[in-house]
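In the part that follows, the structures are each spelled out as structure tokens.
First subunit A sits with subunit B, and in the next complex the same chain sits with subunit C.
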Partner chain A sequence: MKKVIVACGSGVATSQTVASKVAKLLKEKNVKAEVEAIDIKSLDRFIKTCDVYVALTNPQKDYGVPVVQGIPFLTGMGMEQELEKLINALK
Partner chain B sequence: MDVLQSVVQYVLDMGASVFVPIIMLMIALMARMNFKEALSASITFGVAFAGINLVVGFMLDTISPAAQSFTELTGISLTAVDGGWTTAASITWAWPLAFLAFPIQIGINALMLIFKMTKTLNVDMWNVWGKIFTAVLVTYISDSVILGFVVIAIQTVIELKAGDIWAREVEDLTGIPGVTVPHHMTLIGTLLYPIDKVLDKIPFMNKKADAEALKERLGVFAENHVMGAIIGLLLGFAGGYGIQGSLILAIQAGTALTLFPMVSKLFMQGLAPISDAISELMRKKYGGQELYIGLDWPILAGKNELWVTAIILIPIELLFAIILPGNIVLPFAGIVNLSIVVAVLLLSRGNLIRMIFYGIITTPVFFYIATYFAPHITRLATETGTVNVAPGTMLAWSTMENGEFRFAFANAMAGEWWGIILAILWIAVFIWFYIGRKKDNAAYFQEKAN
Partner chain C sequence: MGGEKRILKYLMLKDSVQVTDLTLEFELEKSEVEDAIKKINSSFKKDVIFYQRDGVYMTENSKMLCYKTLLKGEKLFSHYEFRERYYLLIIVLAVENKYLSLLELADICLVSKNTILNDLKCMKRDISKKGIEIDYSRKHGYSIKGSEFTIRNILVSAVKNILHSQAGRILLEENSLIKESEIFRLRKRLERLETRIGFRLTDEQLDELPYIIQLVLRRAKKFNQSWSFKIEKYDIKNTIEFPEIQKMFWDFDYLSQSDLLYLSLQVLASNMVESALEITDGDQVAIAAEEFLQNIETNLVMKIHRRNELKEKILLHVRPAIYRNLLGFQINNPLTEEFLSQYQEIYEVVKKSVTPFQKITQKELSKEEIVYLSMIVLGLIYETEETEAIYKAVVLCQSGTSISKLLLVNLKSMFPEIYFIGAYSVRQFEQNNLDVDFIFTTVPVKHKTSTFIIPPILDKQDRLELKERVQCEMLGNNDKMVQSVMRAIKPYISEQHIETVYKKVGDLLSNPYTSSSNEDLNNEKKLFRFSIDNISIINEEISWEQLVDISMKPLLRRKSVTAAYIEETKKAFYANYDKMIIAQNVYLPHFSPENGVNRMDFQVLVFKNPTFTPNGEKVSIVVALAPSVTNEHVPTLIKLNNIFSDEKTLAQIINEKSIFVTENILNEKGAEQNCEL
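Up next is the complex of A and B:
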């Protein structure tokens, strides 16, 4: 199964909020993927095994995986575009 | 009052892992959530309680004996074990009146938006726990639940006002317009504002430092398992465990710190459907006007200055824990001091040198506040039955956010004259910050734009 990671400051609250939201939206669109909230301090480890990275910050490095913006899933603004980007990246 | 008390008692007797999911299920069904989804979310919340009980228990079982052995060897008594914010949040959700804080935050925010007293729409439902925690501490110290909720209301207003001020800075730091961080962890930054005005005049404090290079080098130490193992090893040696025992403790401590976030995120998983529904509703209702959407602090987590400061503070905290007279808190799960770094990142506009300076000077304050509140945190853990704390030990949070506010207002509500003075002082400094920073922002961003 394809894997999506969402990273925040401790891998508990914000990342899990976005992860739950993304998982729900993907389920509605019948896209199968595992969505996991992780700690940004351990990002370098987790990014190696994921297919898409949902970022809550502006990543300064190129990780070699598609990056989707996470903030729109919190504010609702521009969420549809980011969701579409995510779904395309998972195809 | 008697009825309320007996209801509360009945509810307490069932234990949080049963009682809280029942409340959540009721709220979810009233909000017309799908039953299957509501049931799953509620049970997840119950599982989170049982899980945190295991992890905190494991931490206390492994860390406390080492701390006691350290005390016997040195005479320095660090009997309150630091469970960090994850433990504090978990036991707070178990407070029987916890969910009453939601309508208070939402109601005050709505009123302030309608009367144009704020531009911040706080959709961060997770950090309602910070308000509940304030209410618990005020209730314990003042002996009045009502006053606990009065202070929640004050805190909500202040958070939104702070959110209005921080918005411009958040946009500058993250590049995202229209969002802010109305988190009470930033309020210590408002108290440091007078000092910041002095630092403006010192050339060394206005230098830029390269945080990125430092982050690349120090980053590995901030990973939970590595940091836990190092602290465990040091504690083992300090407790006279020998190499074998210390290495075992190192892995156990690494385990505890790795499991904490894993279990804590179950709370958010359980809360997600409710929190999502609330924030969507609020956005729909008020989203038309020009607003700052209030989010949790991790939208700033990409700033290297944050992590570099937090890592540099770790050895300083360990040192202070030992040398500060009267401190009883052994820093552990809360040792990454998020409660200072986010606030001073905003206050100093990302100036690393100032951030480290603020981190160091506030460390003793954090320890004394942690020492003061340790018995109350232990009481909450014991009363809600979420965590078993052995007699002679206590549960603490070494880096409690917004501790000054809680200390001042809890004692003011208890009728202490010095508490009332501190609370008035607190508000006065906040107003100073609010007016001063507004002017500073206008000048600073004008200059930056030119």
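Up next is the complex of A and C:
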């Protein structure tokens, strides 16, 4: 199964909320993927095994995987575009 | 004897002095000083003053002897230095546990009220860093307030500092803070305890502990309220040492379990009580847990499924385990031998993998602790994805430790048709009020739900019998199954046929074997219930720099977080505030729970006079969060995201003046859209 990681500073609140929301939205669109929330310190380790990275901090470098902005999933502004980007990256 | 007495008193208050100091101080010749020392020593028929080439000095014991025999009620101290006054104030405020007037404090410390005011100012500044306050009431005076655990730690360290100062024991005695007979009795009890549990206190510990214990006992007696501290969860009560130490205090009937636990920590590792906590709460344990999991994966040549979850569970167990190990407690694990006989291989793998933890403690983990870890590892590596199940059950045991986790694994494999919510202690279960169909328990419990009492480790015969009993119970619980199936298929049935289908399904399911239902486990998720205490409507104008402090204050007051947690949150938030949001312009200051969260908590703050971020964004709502290690806060965050994403509701909350209406909105709205990971 394809894997999406959502990373924020602590990995306990914002990333968890976004991960839940993303998982729900993907389920509604019938896209199968495993969504996991992590803290930013673990990013280097998890990025190797994921297909898309949903970022809640500004990406420091090019990780070689598609990056989707996480904040729109919290604010609702621009969410549709980011969701579309995410779904395309998972195809 | 007048001259000698003066010399004696002078020496009692000093560390070591040169003979020349004495000749100058008392205007005597060197030979006269030497004669006086000899005269004093001969009157005691032993050396109480030691005269050597490097100086003249007395030991603390000889000071006490001279004080008792020679001064006889006469006070030794005419004044105290700042250092003594500082610690004396802490001790007095802590053991009296009541308001003391400035005059009373000045009398105790033998100085003016002004000096005491200055001393209190310094003290206040120092102890506020630990979250302790000196409360002042114009009518009653001063009193110490804050976390009981921290107050006791401050008390213990003040006692140690006094004991290390010159004639510290006499200082305590002159202020009637200790009783010599009681000190003697406690010392004897400690010596007996050494033999009973086979450990050895250093001479210094044996000397100091009776004083520390006596003053902690005084605080406990005056405090006389229920209190608890983090270590309660660390399963110290289940160790070999705890019951023995508890026996030592058999006649102090006012002591609570927390008091006894605290005294045990002092007896076994008084100098580690705080530092061990720092180690166990720090990052290095989390890093070691990661290495431990890597070792397990390498040694078992497998990839662990739901690795993060296993890591969380390992951390939950291993932090206390490391704490116990650092403090010298040995956990009692009645299942060790039984476990080893059945799962020797997994034990060996875990034993090989625990080196990262042993590096932290610099000691080997005991067989018992490794067995506990093995139980958790075994429990989670065999755990399969949650299946959709008809029945829900819990596993209970006395302490909620790994014993029930092992049982959980066995039961899950035996009953795939049951969804096991988890393993709990009886007390946790009662508090959580979980809705289940079956309870599997190793201890008898009284509950309206069908309960199966089972042994901690199930052999073949036990398994067969249990399977039969549970199936019997399931047959009798047909209604439950019918309801579950109906819930799943109801949307696809037209209204007029519902009753018929209900009956048909009921008939069909009188057969015990059925397919799974679509039970929505989502509803099980507990949402945080906001009370008015969790909501603040702030009318004052505040600055951006004050925002986190003000938002977190209620959490600190409720002791949900520590001051250190707030500091970490501040660093993280001010560096990254634009990403720490829960909805548009709703800020969510928080940090990782390992850094000082005592329990999950929320505070929603509505600022009537909004401040602005450095980017110029208006800050009207802040949600201060104390997250839980097990992510229990996430469903509530999702709910808050739903609430605050709705423009109308958001405007309503911002404009609302009544805290009760806001409370209602937070509890009632948004839950229906709850979703899960």
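To be clear about the criterion, the second predicted complex is superposed on the first by the 91 of 91 C-alpha atoms of A that agree within 3 Å, B and C clash if a C-alpha of one lies under 4 Å from a C-alpha of the other, contacts with A are read in each partner's own complex, and residues count from 1 in each chain.
Rule of thumb we're sticking to: a residue touches a chain if its C-beta (ideal position, glycine included) is under 8 Å from a C-beta of that chain, and two chains touch if they have at least 3 such contacts.
Because the structure is predicted, anything quoted here is derived from the model rather than measured.
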First (subunit B), second (subunit C), both or neither touched by A:N30: neither
Subunit B versus subunit C as contact partner of A:P59, first or second or both or neither: first
Touching both subunit B and subunit C, residues of subunit A: 8-14, 16-17, 20-21, 24, 37, 39, 56-57, 71, 74-77
Residues of subunit C touching subunit A in the complex: 308, 572, 576, 579-584, 588, 590-593, 625, 627, 631, 633-634, 637-638, 641, 645, 675-677
Of subunit A, residues touching subunit B in the complex: 7-17, 20-21, 24, 37, 39-42, 44-45, 55-60, 71, 74-77
Subunit A contact footprint on subunit B (complex, rising order): 86, 123, 126-127, 174-176, 178-179, 212, 219, 222-224, 261, 264-265, 267-269, 272-273, 275-276, 279-280, 283, 287, 293, 295-303, 307, 338
Sites on subunit A touched by subunit C in the complex: 8-14, 16-17, 19-21, 23-24, 35-39, 56-57, 71, 74-77
